[in-house]
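Note that the chains are named A, B, C and D in the order they appear, and that numbering of residues resets to 1 at the start of each chain.
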Amino acid sequence: MSQHYPALIIVVPLLAALAAAAAGWINKRYCFPIAVASLAASFVSSVFLLGRVIRVKEVIYEMAGWTAPIGIVYRVDALNGLVIVVVTAVALVNLIYSKSAIEEDFPDKMGTYYALYILFATGLAGMVVTGDAFNLYVLMEIASLTGYSLMGLRRDRATVSALNYLIVGTIGATFYLLGVGYIYIATGTLNMAEIASFMSQMSDSGSIRMAFVICLAGLFIKMAFFPLHGWLPNAYTYTPTASIGLIAPLTTKVTVYIMIRMALSVFTPEFSFKTIELSGAIVWLAIIGIVAGSCMALAQKNFKKMFTYIIVAEVGYMVGGFWLGNRAGISGSVLHIANDALMTLALFMAAGIFARKIKGEEISDMQGLFRKMPWTMAAFVLGGLSIIGVPPTCGFFSKWYLISGGIEAGNYYFVGALLFSSLINAVLFFRIFEVAYFEPFSESHGHDHSHGHEAVAVEEAPLGMLIPFYVVAISLVILGIFSGDLITKIIYFAIPAGIV
Amino acid sequence: MKKLGLLTVVVCGVLLLLKTAEFADWGDPNSPASRHLSPYFLENSIKDSAVPNVVTAVLADYRGFDTMFETTVILAAGLACFFILRVRKTEKPKSTYYRHVPTATTLRIIEGAVLPEQSKVFKRIDSVWVPFDLILATTCKAIIPFIQIFALYVIAHGHHSPGGGFQGGVVLGASIILMAISRNLGAAIAHLKEKTTVLMAMIGVFIYAGTGAFAALAGKNFLDYSTLATVLGVDEIMARSHGILIVETGVAIAVMAVMVWIYYNLSSAGKQDEGL
Amino acid sequence: MNWQIDLITLLLVIICGIGAISVKDLLGASILLGAYSFLMCVLWAVMGAVDVAFTEATVGAGVSTVICVAAVFQTTRRAKN
Amino acid sequence: MGEILDFIIAKSNYWSYVVLMMIGLYAMISRQNYVRKIIGMSIFQTAVILFYVSTAVKEKAVIPIIAHGHGEEANAAIEASQYINPLPHVLMLTAIVVGVATLGVALSLAIRVYQKYGTLEENEINDMIREQ
């Protein structure tokens, strides 16, 4: 079975999605176990796959037995080996966390919801492991289509923002498809590794340059890179609780991964960083994006919306760090994909719990939460500290690499933007902590303040939500402690040897 | 917004237009796209899988994995439309309409009144009144079986002629949609229930993915149809050919079901009582 | 391969495309989208992509148009400016 | 004259794909009505398909179905340059499917939006949201 790991990651959830959707029409109780079992199987195979990749450096799986340029191959190396583990882990943990939310929100469409959820995870996982440029487009569309529908069913605004997201997302995906077409017309192949082998003789071809620009533009739209981020805050703020923990952490990060994959192993680093003189401009856009995202986060009163602007800034971190073009910057960027997925998951899990308990999404509604649910808040503090970048949490380490990459490249504006954004994040989170710690809890806002603090009964989130939340929060610290190993044992091999 | 749009469009357009000069001329047989990979497919499709229609061979065999996800995309769209639109509890309409067929008169029955039984004489019609057209209804009724037979031909003959599971499936779905348009939605749903379409969609994708999983269980790579050789009792080349037919059938079932399913939900805004 | 047919069809396709996004009657726009798809399918058939043309004829000109019309019936027929 | 004509024939497909794509993009950005935006999206996607199909064409070649696929002549050598490149066709079959899937989801979202706001004009919906 071991040689089938790359296929198992994709195929088991796909079959389970069919089973879950059918079970929704037959007996709803089976949906959840099917979904959890399939995502767990997917997660376990991705962990084993990562283990194998560490040993043998590269695993290739030929679909239908056809070799590389003829058929579609899955190619897993250290880079996507790491990302696939993150993707499957986030999908699994969030599914367990959101069981009760799904039962509450979609009682009569549960089977369909689970099927869409699993298909979304399958699409993202497939995007990560595939080695074929066109296959990536198909999987991207699966992830997008299911994503739109997972977003579109809550309150009034959710449908409008999902429709806007659909239109923007389709522009992005179609640009990517067009870019692949330009590559195909110049090289005649769709296999990523083979395109890269042609790249040395092709680097002055106009089609390839155009392909690079179009692909990058499409991916920037999809990942909400500044100034193309307009769709993200609205789309994510109004997404249902169960979906947001899946969509927000993964969509942007997987797209960033694809950008890294395209730049490093399709267009080759030589071409991406030297022949095309765009990296400077992209880093500048990233700097503006980080500053603008942080400032806009500061202006928000709704905490979910605030988190979405933090995502915009974080995308700036990863893109900027990558296009610095040196080893430290790229390592930081890759490490930040993993860290940020977990950090964002922690934030939105907390947001989901808060939204259930306080029936409001304003920061001012969070009064006295430390007394009401101390355990939840403790984990939330951990997530906040990680976003700010306080040492033993993982957020510190990826920021450390990004900053040292900036210093190495001599780009002090990038370093400045990172520090500025950390400062803003500190302000943001301590503002929340202050409201939640010092101001007394009140059921109905405005009066009843005189009753004092003692009246508040501890009312924690249900264990089904709290345990997954704690798993994520603790893994933030564990990831931080082991990030040195992660860099030397995995990410080091993910970056081509030519980059110093 | 309008000016911004125009500006974006003009800039993108000029950029793209300028770069078209770099392309190989239209119809150039020596462009890299025609020289590198495609000759392999053209020269080997008969040798590998005995399928003269190279598009089918590449679609279902060499790049079969793409096609599996193509089917999944369609399934995802069906699930998404259902998820977004479908409403289960609908309030009963204030009044219902019936047609007395022999005299072609329309009856409006208000709430609380006794409803006539559905029979050959009284037929329930949509409240958005569609004029009864005998020619249209009869022609469509006569033509639908032929459309369906043609669809089956397209599916089965995809190896040798243009067509295949996808096109055949859409034609098959279109025949049901035609029935829904020419009569009413209720008539189509009476023939093909929503639950049936859903299960058919799942089964269709399952046939595809299951064939692939069978190959993986039998020890070869996922979707390698040559593993079917032992089961079907033929050599590996014919096994591939038959494997293509099997997965095309799966595609056809799934696509047909999902097209109908999407139509049911879209045309009635998820209520599935009456539409178009 | 007749380049005259090709050019004329291309021209018609562009006209249909412009028409589909500029008419105010959304039902008309849907039908023009169907015409656009059908002309596109003719174009591809002329270019020798029979399978693609077949698919576009069934999907683009057939099912897409129908679901577009169905959606227009469920919403509104008029677009303001 | 002949050279110009040749040039036009050689590139006209690529030009018209750009024009169509921009028509679609313009509709998606500038039109206020969501159904028109969605129609623009459909045009936008089809334009890319036109581009791919155009790359597949070969002069003096026939459709990619091998003649005499069975029988005595089945073993005859196949000259690849006689047949049109099949690979872009395969890719575009998938892209058409993706197009119709996106169209379906987009229209169902549009119906939902209409049910909630009673209009499909983007500016009117934005005004309503602001008033809340």
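Keep this in mind: contacts are C-beta pairs under 8 Å (C-beta built on N, C-alpha and C of every residue); 3 or more make two chains touch, one makes a residue touch a chain.
Nothing here was measured: the structure is a model prediction, and the numbers come from that model.
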Of the pairs C-D and A-D, which shows more C-beta pairs in contact? C-D
Averaging C-alpha coordinates per chain, one finds the centres of chain A and chain C separated by a number of Å equal to 37
Rounded to the nearest Å, the gap separating the Cα centres of chain C and chain D is 10
In angstrom, rounded to a whole number, how far apart do the mean CA points of chain A and chain D lie? 30
Mean-CA-position distance for chain B and chain A (Å): 33
For chain B, jot down the residues that touch at least 2 other chains. 16, 21, 23, 27, 31, 33-34, 37-38, 41, 53, 55, 63, 66, 70, 73, 76-77, 80-81, 84, 162, 166, 262, 266, 269
Check each residue of chain D and list the ones that touch at least two other chains. 9, 12-13, 19, 21, 25-26, 54-57, 59, 61, 63-65, 87-89, 91, 93-94, 97-98, 100-102, 104-105, 107-112
What residues in chain A touch two or more of the other chains? 134, 138, 141, 145, 148-149, 152, 159, 184-185, 190
For this structure, enumerate the chain pairs that meet the touch criterion. A-B, A-D, B-C, B-D, C-D
Under the stated contact criterion, what part of chain C meets chain B in this complex? 1, 50-51, 53-55, 58-59, 62-63, 66-67, 69-71, 73-74
For the complex, which residues does chain B have touching chain A? 15-16, 19, 21-24, 31-38, 40-41, 61-66, 68-70, 72-73, 75-77, 79-84, 86, 88, 195, 198-199, 202, 205-206, 209-210, 212-213, 215-216, 220-226
Touching residues on chain C, where the partner in the complex is chain D: 1, 3, 6-7, 10, 13-14, 17-18, 20-21, 26, 29-30, 33, 36-37, 40, 43-44, 47-52, 55-56, 59-60, 63-64, 67-68, 70-72, 74-76, 79-81
Touch list for chain B against partner chain D, complex: 1-2, 4-6, 8-10, 12-13, 16-17, 20-21, 23, 25-29, 31, 33-34, 37-39, 41-43, 45-46, 50-55, 58-59, 63, 66-67, 70, 73-74, 76-78, 80-81, 84-85, 160-162, 166, 262, 265-266, 269-270
What residues of chain D sit close enough to touch chain B in their complex? 9-15, 18-19, 21-22, 25-26, 29-30, 54-61, 63-67, 69-70, 74, 78, 80-81, 83, 85-91, 93-94, 97-98, 100-102, 104-105, 107-109, 111-112, 115
